[in-house]
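Labels run A, B, C and D following the written order; every chain starts at residue 1.
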Amino acid sequence: MPAEDEDLKIEPASAPPDPETLRERLRTMARIRAFEEQVGRQFREGNVHGFVHTSIGQEAVAAGSCGVLDRDDFITTTHRGHGHCLAKGADPEPMMAELFGRETGTCHGRGGSMHLADASLGILGANGIVGAGVPIAVGAALAARREQAGRVALAFFGEGAVHCGAFHEGMVLAVAWQAPVVFICENNHYAEFTPSTGAWGGPGLLERASAYGVPALRVEGNDVGKVEAAVRAAVNSARAGAGPAFLEMLTYRMGGHYEGDAEPYRVEGEREEWAERDPIAAVDATLAAAGQDGVAKALLEEARQEMEAAVRNALAAPYPEPEAVMEYVGA
Amino acid sequence: MPAEDEDLKIEPASAPPDPETLRERLRTMARIRAFEEQVGRQFREGNVHGFVHTSIGQEAVAAGSCGVLDRDDFITTTHRGHGHCLAKGADPEPMMAELFGRETGTCHGRGGSMHLADASLGILGANGIVGAGVPIAVGAALAARREQAGRVALAFFGEGAVHCGAFHEGMVLAVAWQAPVVFICENNHYAEFTPSTGAWGGPGLLERASAYGVPALRVEGNDVGKVEAAVRAAVNSARAGAGPAFLEMLTYRMGGHYEGDAEPYRVEGEREEWAERDPIAAVDATLAAAGQDGVAKALLEEARQEMEAAVRNALAAPYPEPEAVMEYVGA
Amino acid sequence: MPDPTATAKPPRYLDAVNAALADEMRADGSVIALGVDIGRGGGAYGVTRGLFEEFGADRVIDTPIAEAGVLGAAVGAAMAGQRPVAEVMYMDFVTVCLDPIVNQAAKLRYMTGGGVTVPIVFRTQTGGGRSGGAQHSQSLEGILAHIPGLDVYCPSDARDAYDLLVAAIRADHPVCFVENRRLYGKRADGWEREALPPGRARLVREGADLTIVTWGRMVPESIAALDALPDVAADLIDLRTLAPLDVDTVVESVRRTGRCLVVHEAVERFGPGGELISKVAEGALFDLDGPILRHGARPTPVPYSPGLEAAMLPDSEGIGAAIARTLEG
Amino acid sequence: MPDPTATAKPPRYLDAVNAALADEMRADGSVIALGVDIGRGGGAYGVTRGLFEEFGADRVIDTPIAEAGVLGAAVGAAMAGQRPVAEVMYMDFVTVCLDPIVNQAAKLRYMTGGGVTVPIVFRTQTGGGRSGGAQHSQSLEGILAHIPGLDVYCPSDARDAYDLLVAAIRADHPVCFVENRRLYGKRADGWEREALPPGRARLVREGADLTIVTWGRMVPESIAALDALPDVAADLIDLRTLAPLDVDTVVESVRRTGRCLVVHEAVERFGPGGELISKVAEGALFDLDGPILRHGARPTPVPYSPGLEAAMLPDSEGIGAAIARTLEG
């Protein structure tokens, strides 16, 4: 059961977000959900290529975390990065076009789902190599520290990544440099086909992170308000020069590891249990209790239309010219 | 100041070693000291080549740790591995010949100081890559676990190695496999030119290790009795199937990082302070208090003669035939 | 030798890999397999399915995502008497775990003057052309082949996948075993074929016009190219293994045909083809009637968009054009 | 351009590297240096001495032994507006940190369709022949040169060390900068020489008998070989950079001389020489009067014992013999 742990140093604001903000976050979550739904559909249609990993069920982490950031703050993400990019401000239309491999894509069709990036929004890239984004975020934070303009970096990664050398070395450097970086470990309970809980023995993620000298907190990752409060506290502290923090976001991967995954490994009953903690429904209920009815439905409807348009435009967009294959190599 | 920390699970025997054992360990330490002294001298003479790292001041860790092991237990070590090899039973004569690059060397002159290995004694190699020996020891322990014959592996590494990805991944795997491996972190206070204490922030080594779920203990590494007691407890527990353990051995590198190091970075007064905690003198004093006088002097004298003979024989030994350069490639 | 021929249909490439693993694990209790999701999950491509059930968690070892640690541990286990087969899920990921391969496994026997052997197999797979993107599509076998002490096997069909993996597991030295995921579904044509050892190339086709030297997925691709050029008669050589390299077969062929084209999926720039060209130049220069050329991927990261990727990677059409250049020159 | 010519004696190779770093750090506040012991310690070979004192801990950053993390962080810092120069102390250690170089830095501009630039320099050094042993002596530049998106510079003297490092730091793409520690103590011959850009080879000597193509420490070694063969007149080409590669200069020379010898310290087997042989075969095959050969290290891990190491590595004597083979063939 997700539960908040002892706070080690970060002090999340206790007041829940105001209805205005909540609505805004809900809109982000609805757009992520609708985007991912379309990605799944378009993958089955053969319009989206390669390896695609969606984040349905995890929308609150993206919306709550990036909701706290400024445009020129940095993020790095993983193979499962659509939500983070959208929440950080990426336009779904070129994103969809990217997944369709079109010239109008975010990366002109060169990157694809696992390599979405938009430097103008501080999105330093999804990444196909588990763990690789962690030190990259630390480096961006190092640059931010030099600049002294209060920018921060967020590194998103899965709970499967913490075993990688790259995670370890990234943590060590973040501490050594007291870099303004917040590590957001999205614990969605699976790493590929392996249920993560207890898989490799030893204490939990928080103990691991604290041992580096980083304040660490476990957060109910399907509660966007709690996500936002925790990330805000960590980000403010990083901006103020107090160094890195680590947040474990408890959430759940509602879909397969990748599109097309048959999921024979899924623990029975678990998905149904988590479906009751759907992050979108949760906010909807909160708003309903505050007298605003049917907000999620309306926002989802709106988002679905937006994503359908993105699909239409992507379908109509040109592919890159094969002759341009050598463009952008750089060296 | 070296000080023993809280015991986390390992329970070192409280009785100090009997005089017989102490004498035996002193002999090992004296032989390591004498070997290293010769290595320094022979390096300056031009007989020892390449990069050479000696372990003067750290002899108690090698002697106490390997004193606990059986012949068919495994060790891996580092660029600073002469002492561990000697303590594990390697013959100084071929070792010296190896450092002289001779055909009669432990590795027929192919390896050199940083690659000393003797599989027949379970010495799976010194290593020129910081951190690399850690997972190798874990793998040997995995093999030992399969065999069920109670063998264990010891991984020796410096405190500078704990920042490497290889260390992290090795710890993670040791825990996942509950492998019979004991991690011996020889904290000699320097990693190359950098004083290690507090260098990179964060908690100490014990906190780091414990966070993996490994019992961890800090040991007065210049006290061979304490070293031995701690390693024995950890090894027994590993042999019994209770999994890995981590020991931080507080000791001091009396020499330079490598032979020829000018050591401008050395913290003033520190060496003198540690000279008073010389591991050989300490045992000598204990034995003297028990009525045995001048043991160290005698053993050192004996060891120096042994190493002089090793040098003489190495000098007389043939170099490998240049035509044999392709031998042993394997593939 | 156990043999998966018992099945009705000739096995697919992935079945052959699976059968080689299973047979060798049955035959030798010291063979163990390690990797991310190779056990309960049966592997990202189903290659190791059934092994966990048959051999148990003690021998088919699921690991956390810690490839450098896993491969390092495999090196230690190999020195301690096991015969580990460690998987790197995509060849692109060798970048996170090259040290145990290059600085440890490959060098240990030499560094110890023959004192240790490291009987280890590094299994991995590659295969562009499916929009895997720049980090899931690279053919990096040339990097591994550059390292003395490493064997590199690149089977092009199911039968060789079986024979070469069996040989790799039985070898007392490290072998990098490079599978191709776009071949996984292909069934063997000639399962009854005799097993060739590593280091022996196979003459797939014979013809006097030119010699084509290739390996892995470019073998069927080259066959397709030749099928589309009925007027061209080529010696088509499937190297099967890059290290050891069967220089004699290649040189002997080029001496006969007088022209040579090396084809590989890897990037041309400082790629593995240069070795073949150099060996041909060394051994057959004065027998040449025409060029010795390479055809490989263009010097760019592998693009995602299908059209760009097709423009980057060699295929039968590109090979056909390269054949034409080789014949014209 | 700031220039260390002010000093009385021409600078040593290592002084030139140091001066290039210092000059560029003075000129551009976004240049930062990172690595193990490069700051207070001044570098394992003293190459970065004085930088910490002049530019401070904020720009000359000592790091823990965590090369993959450091290089990954350098990639992030580069995307965030810095110009990092990250050191890998020995080239052999790229095996622990290849991912940020190969899968990140090299590919990011491409993967983002030009959306980011990664102005980063990976400094490292190599140089066998001093009994460094199998893990401290390898020349692995061929591996890096195989990766599209990476430039690879291998200066052979102090002047080029300066010019090429300045160019590397100013480049908006990743550059692997490979120093040679056995050249560190050598002083420039011709400091007044004009700077050549990366991608331009230098014709060190001219002669009609054969073309010798090489780089790094094999340049002076080849000069020594030629000095010992007064009857041989060779075009000696110092490539200076492997990527970009100055194919034109090489091909044009071989067209004139009709013979070619490629020399490198790296292992021959699937080594960087194959690229040159292939380019020569492609561009000058029908102008050849004799062989196109390689001379590199033998296919073994680098041995420790001096005599074995000498037998493994190319030197002026071995080059002389290879020249003779090239002329005889």
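Everything that follows uses one rule, which is that a contact is a pair of C-beta atoms (placed from the backbone, for glycine too) under 8 Å apart; a residue touches a chain by one contact, two chains touch by 3 or more.
As the structure is a computational prediction, the values presented were derived from the model and not from experiment.
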{"item": "Pair exhibiting more inter-chain C-beta contacts, A-D or B-D", "value": "A-D"}
{"item": "Label of the chain whose CA centroid is most distant from the centroid of chain C", "value": "B"}
{"item": "Distance from the mean Cα position of chain D to that of chain A, given in whole angstrom", "value": "40"}
{"item": "Between chain B and chain A, distance of the C-alpha-averaged centres to the nearest whole Å", "value": "45"}
{"item": "Inter-centroid spacing, chain D versus chain B (mean Cα positions, whole Å)", "value": "36"}
{"item": "Centre-of-Cα separation between chain D and chain C, whole angstrom", "value": "30"}
{"item": "Multi-chain contact sites of chain B, meaning residues that touch two or more partners", "value": "105, 107, 109-111, 115, 127-129, 163-166, 168-169, 172, 176, 199-200, 329"}
{"item": "Sequence positions of chain D contacting 2 or more other chains", "value": "64, 66, 68-69, 92, 95-96, 99, 103, 106, 110-111, 133-135, 148-149, 243, 298-301, 303-304"}
{"item": "Residues of chain A that touch chain D when the two form their complex", "value": "74, 76, 105-111, 115, 117-120, 124-125, 127-129, 132, 134-144, 146-147, 153, 165-166, 168-170, 172-173, 176-177, 327-331"}
{"item": "Residues of chain D that touch chain C when the two form their complex", "value": "68, 92, 94-96, 98-99, 101-103, 106-107, 110-111, 133-135, 140, 142-143, 145-149, 242-243, 266-267, 269-278, 281-282, 285, 288, 291-294, 298-301, 303-304, 329"}
{"item": "Residue numbers on chain A that touch chain B, as the complex places them", "value": "163-169, 172, 175-176, 178, 199-203, 207-208, 210-214"}
{"item": "Chain A-facing residues of chain C, complex", "value": "36-37, 40-41, 44, 62, 64-66, 68-69, 92-93, 95-96, 130-136, 298-301, 303-308, 310-312"}
{"item": "In the complex with chain A, residue positions of chain D that touch it", "value": "32, 58, 61, 63-64, 66-82, 84, 99-100, 103-104, 106, 108-118, 148-151, 171-175, 243-244"}
